[in-house]
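Labels run A, B, C and D following the written order; every chain starts at residue 1.
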Amino acid sequence: MADKHTNLIVSAAPHVCNPTDTATIMRDVVIALIPALAVSTYVFGIRAILMTVICAAACVFFEWASRKIMHRENTIGDWSAIVTGVILAFNLPVGMPFWMAIIGCFVAIVVVKQIFGGLGQNFANPAIVGRIALFIGFATPMTTWSVTKNMSQAIINNAGVDAVTGATPLAMWNAGAELPSNLEMFLGTINGSLGEVSALALLIGGIYLVVRKVISPAIPCAFIGTVAVLSLIMGFDPIFQVCAGGVMLGAIFMATDYVTSPITTSGRIIFGIGCGIITMLIRAYASYPEGVSFAILLMNILTPHIDSITRSKLNGVEKKGAKK
Amino acid sequence: MSSGKHLKGVHVNHSKNTAGMPIIPMPVPERVYIPMSMHIGAPCQPVVAKGDHVKVGQLIGDCDKPVSAPIHSSVSGDVESIEQFMTQNGRVDTNIVIKTDGKQEIAETVVPPVINSREDFIKAVRASGLVGLGGASFPMSIKYNTKPGQVDTLILNGAECEPYITVDHAAMLAYAQDMVDGMRTIMKWLDIPRGIIGIESNKPDAIAKFNEILAGSTDISVCTLRQVYPQGAERVIIYECTGRHLIAGKLPADVGCIVSNVTSVLKLQQFLTTGMPLTTKFLTVDGNIVAKPQNVEVPIGTMICDLIEHCGGLTGEVKKILLGGPMMGRAIPRDDFAILKSNNAVLCFDEKFAAQRKETACINCGRCVAGCPMNLMPARLSRAFKDKDIDALREYNVMSCMDCGCCAYSCPARKQLNFEIKQAKTLVMEDDKKKKAKAEAAAAKEAAKAAEAEAAKAAAEAKEGGNK
Amino acid sequence: MKKSKLQILTNGIIKENPVLVLVLGTCPTLAISTQAINGIGMGACVLVVLTCSNIIISALKKIIPDTVRIPCYITVIATFVTIVQLVLKAYAPALDKALGVYIPLIVVNCIILGRAEAFANKNSVVDSALDGIGMGLGYTLTATVMACIRELIGSGTLFGATITANLFSPFTILIMAPGGFFVFGCLIALVNKLTKGKVKEKRVNKCLTCPGAEFCNEVQEGGCDK
Amino acid sequence: MSLTAAFYIVLSAIITNNYVLSKFLGICPFLGVSKKLDNAMGMSVAVIIVMVVATAVTWPIQTYLLDPNGIGYMQTIVFILVIAALVQMIEIFLKKYIPALHKALGIYLPLITTNCAVLGVCVLNIDNEYNFLQSILNSFGSGVGFTVAMFLFAGVRSKIETNDYPEAFKGIASTLVAASITSLCFLGFSGMLEKIFGM
């Protein structure tokens, strides 16, 4: 008889798996955020990169420290803290003091995520809660927008970044001031939070994620579509409403956070529509100019209910009932 | 034929390294070890004794229970011993060890069976020793013994959706005509009007071959399946070929179908024409450290290590050996097990492939839901299993899982989802048993009470009568 | 095991802190702890009501029939709450205004009813008074600490005096509702950490003090965690 | 009173002045009974009923009995006793006439006596100088607001119940942090009703 081999590894099937793991998914999200970062660096100058790096670093540090304190296995290798940090930075005005941004990172990573046991166990999106906490806690710095003049002018002046205090298009819209053109809104040569300005760059990132099958287009489409339809019904300019504020960033990068959004496609569509409705309600009626983050947070909280009503049904069961 | 809708699944790298290789018979090994339990159901009892001389195709084990299949010798030689030891299923079983003489004389009993009726046909199917060769090892005579008129479609499963395995493909290329003849025989005796051959679209030559043979005939058609795992699973292929849903707990016959593997039908046809029962198995031997990956015809009872030796041995240190494909196949702890009727591949891998992947937290990405052909929610099931929440497990239809492994394959957190669901199923079944026992106990108690009351009543009546 | 007088007094401050360990009386604590001064004021009111009602209930424990004891306790407590309310209105109108509806709500504060049920109707007048004082001090301490944290971070002041407000902008969310829940959660976590392992035995005791104890098991399987 | 004003009172009690999440009333049942959706909803329905009935009884008592006689300060004692008696009566009534509802809500009713939201809403109606109809609307809105908070939080609880918490945050501590995040989202609606109703 031939040589025997003993002590082979015995494990449950399947013995192969898809090469995509959590870290690759998160890495793809970071890659998808790069175009938006590039545009905001172009618009706001080097401080945009600095802010992003500081937030990402702070998030990784808090993740590492809290795992250490909890005596648990370290999870910074899964890139999720970096994603949270970058998205949080994208939600802040570029002139925000760094220490405040770091508090936001603390809220996001420690309060929202690690207290509940870490990745996958939080019920609300860390970056959203971090942003809302900063928004409510530091109302003034969070709504102080220092920004370049119009991009074309900056190029003509060749003076690089010339910071003046300005208002975001949504604030101008709320105040009834003259608005930037839709092209400017789309390209992102406007004022606003660091990563929110360029709809185009965010869209490129979103398409990358859809192509890489990291996100399903259900939530972004439902969200953006609802915002557009509602603005038409309410008599606003849909292109402006979609490109302004955090709709693009929220719909593509924050509402699609797996952990805090429904698991089935029908649930995701409900989730996206809900986000769109609440966003427009807050924009049109509440005292805050922007409602994307509140909308996503509320839908995060509703996610368990959405999940339980959109449970996938067993194959063939209805069919059988119909036959009978 | 298919309704345009498809069941979900996952795209798996095919890795069909042995594609296009013909099936080459392997020379008989020095000894074969034939266990008495190679099928679902009651194990067989040896009908030969130590020292007996046996020939190829000779009956060596049988059982009078209905759910069983007889076992025949795959070699000619002498019964060296009848021993108890562990087989690849992890059970200790009676094994007949035969020392081969290399002559491969064919037994006198090997004569084509005479069939005049449906009953004769079922009897012949049983005599062939055939079990479902796709891996289920369910005795074929039971599967075919349906009520007349119950079944309207015979599906020939040539999907071969598992990676690496190409042996069915090779068999289809080599024996397409026999398979079609086999189908027609089955359809004739079981009175089935329609036959469908389901083949995954990555085997265009096999599809072309069948189409050529079937040109002009209306009884049998070829259904091209998508290249999505698991097309070969019984419930999936029934849906893809007929649009009928087979729900958990039902048999294919309940939805009017019989599904048979291509090689099952081939072997049946061979038995009906030559009388030679199931004694050899077509196997793919592959894996990243097998020197000469190939398709071989192996006598049942051959040791796996002998088979690997035949395929040029190993080029690296083996860490994992799989019986079957990587999606549903079983990893075995040692390689000195015998090949059974239900095996269809032996895959050997080294450290690089076998390394255990570290499990991380579920991020609720929904890939498992998107991949589940049964439309289950594996992530929720896994959570319910963790919480030991049996009600939730039932609510999320845990029993409908068919163990295809799509969920675990696609999980980015590397969770062993289908393994957990498997355990969860056991949990639910135990709970069912407990509940049943409880209900029975309650019923018994009730009955006892009633009886007691009856007795009391009778006694009272008797007393009353006495008083009168 | 008979506890010494000192033990009874100190029991309520840390070991059986009514808010953080027994998790009773959460509503007013959360609501008024936006300013340190309110914490002390609310604490003092609870202290007075708790001590007085403990004394009276303990004194009357032989007279009150068992079947109607809860309504009787409530009446006693409500009487003292009304007295405190009137006193505040007369001598500290600003505090009365700040505490608002939470003063009458002391009546339904489960700490007081809980102590009456769990302690005062089983122990002597002196012990009950000490228990009331201890529990009241524990409550005051917790409310004040929580209020200090929230005031210092949330508005940069302490007892109304500016501390850090000029140095950097206060994180105002802490004096809002979410901040209240969060600081409370953190304090409980801190006490959990400090009393590691000891908390469990107290939990059993806690259910006895809950007026809804007999329904608890039905409302929530596996005991009551509030 | 116009319809919009009525809507304003009800909606503001539900959203912007949510009793649980912004006024901290009724925290005990909010934390205690929100583990399962069924229980949370049962409790909420019971709270709505008791709140409305209690307001309907206490408002006339205050307006026509206590205030004219100059004994407004007896409010606290009278209200709590009335509520306690009322809860008992509702329970007896349900038991006798609507046993199905009693079976569903029965276990929650005794817990409501010590629910500070009920006493709170009665006192606040008087403090805000609402008239009878406004008081009833406010009570109803508050009850619904309690229900909304319970509904949202029950979902959150079901999701995080079996989490693998850090040692210190096991149990009530993490629940409070979750409540904190839940209450955050209600802040986003501030000012909305004023703008819609032009108040």
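Keep this in mind: a contact is a pair of C-beta atoms (placed from the backbone, for glycine too) under 8 Å apart; a residue touches a chain by one contact, two chains touch by 3 or more.
Treat the numbers as computed from the prediction; the structure is a model and nothing was measured.
Taking A-D and A-C together, the chain pair joined by more C-beta contacts is A-D. Central chain by Cα centroid: A, whose mean Cα position is closest to the mean of all protein Cα atoms. Rounded to a whole number, the gap between the C-alpha centres of chain B and chain C is 67 angstrom. For this pair, chain A with chain D, the centres built from the Cα atoms lie 35 Å apart. Between chain A and chain C, the centres computed from C-alpha atoms are 41 Å apart. Centre to centre, using the average C-alpha position, chain B and chain D are separated by 60 Å.
In chain C, the residues that reach two or more other chains under the touch definition are 176, 178, 182. Contact with two or more other chains is made by residues 167, 169, 174, 177, 180-181, 184, 187 of chain D. Contact with two or more other chains is made by residues 111, 118, 121, 133, 136 of chain A.
According to the touch criterion at the top of this document, the contacting chain pairs are A-B, A-C, A-D, B-D, C-D.
Contacts from chain B toward chain D in the complex involve residues 383, 386-387. Looking at the complex, you find that chain D touches chain B at residues 162.
By the touch criterion stated above, chain D contacts chain C in their complex at residues 21-28, 31-33, 35-36, 39, 43, 73-77, 79-81, 84, 107-108, 110-111, 113-116, 119-120, 123-124, 127, 167-177, 179-181, 183-184, 186-187. Contact residues of chain B toward chain A in the complex are 7, 10, 12-13, 30-31, 163, 235, 239, 244-247, 303, 305-306, 308-309, 313, 318-322, 326-336, 349, 353-354, 356-357, 360-367, 369-370, 373-377, 379-380, 396-397, 400, 403, 405, 408-414, 416, 418-419, 422. Contact residues on chain A toward chain B in their complex (touch as defined above): 1-18, 20-22, 24-25, 75, 78, 80, 118-121, 216, 258-261, 263-264, 311-317, 319-320.
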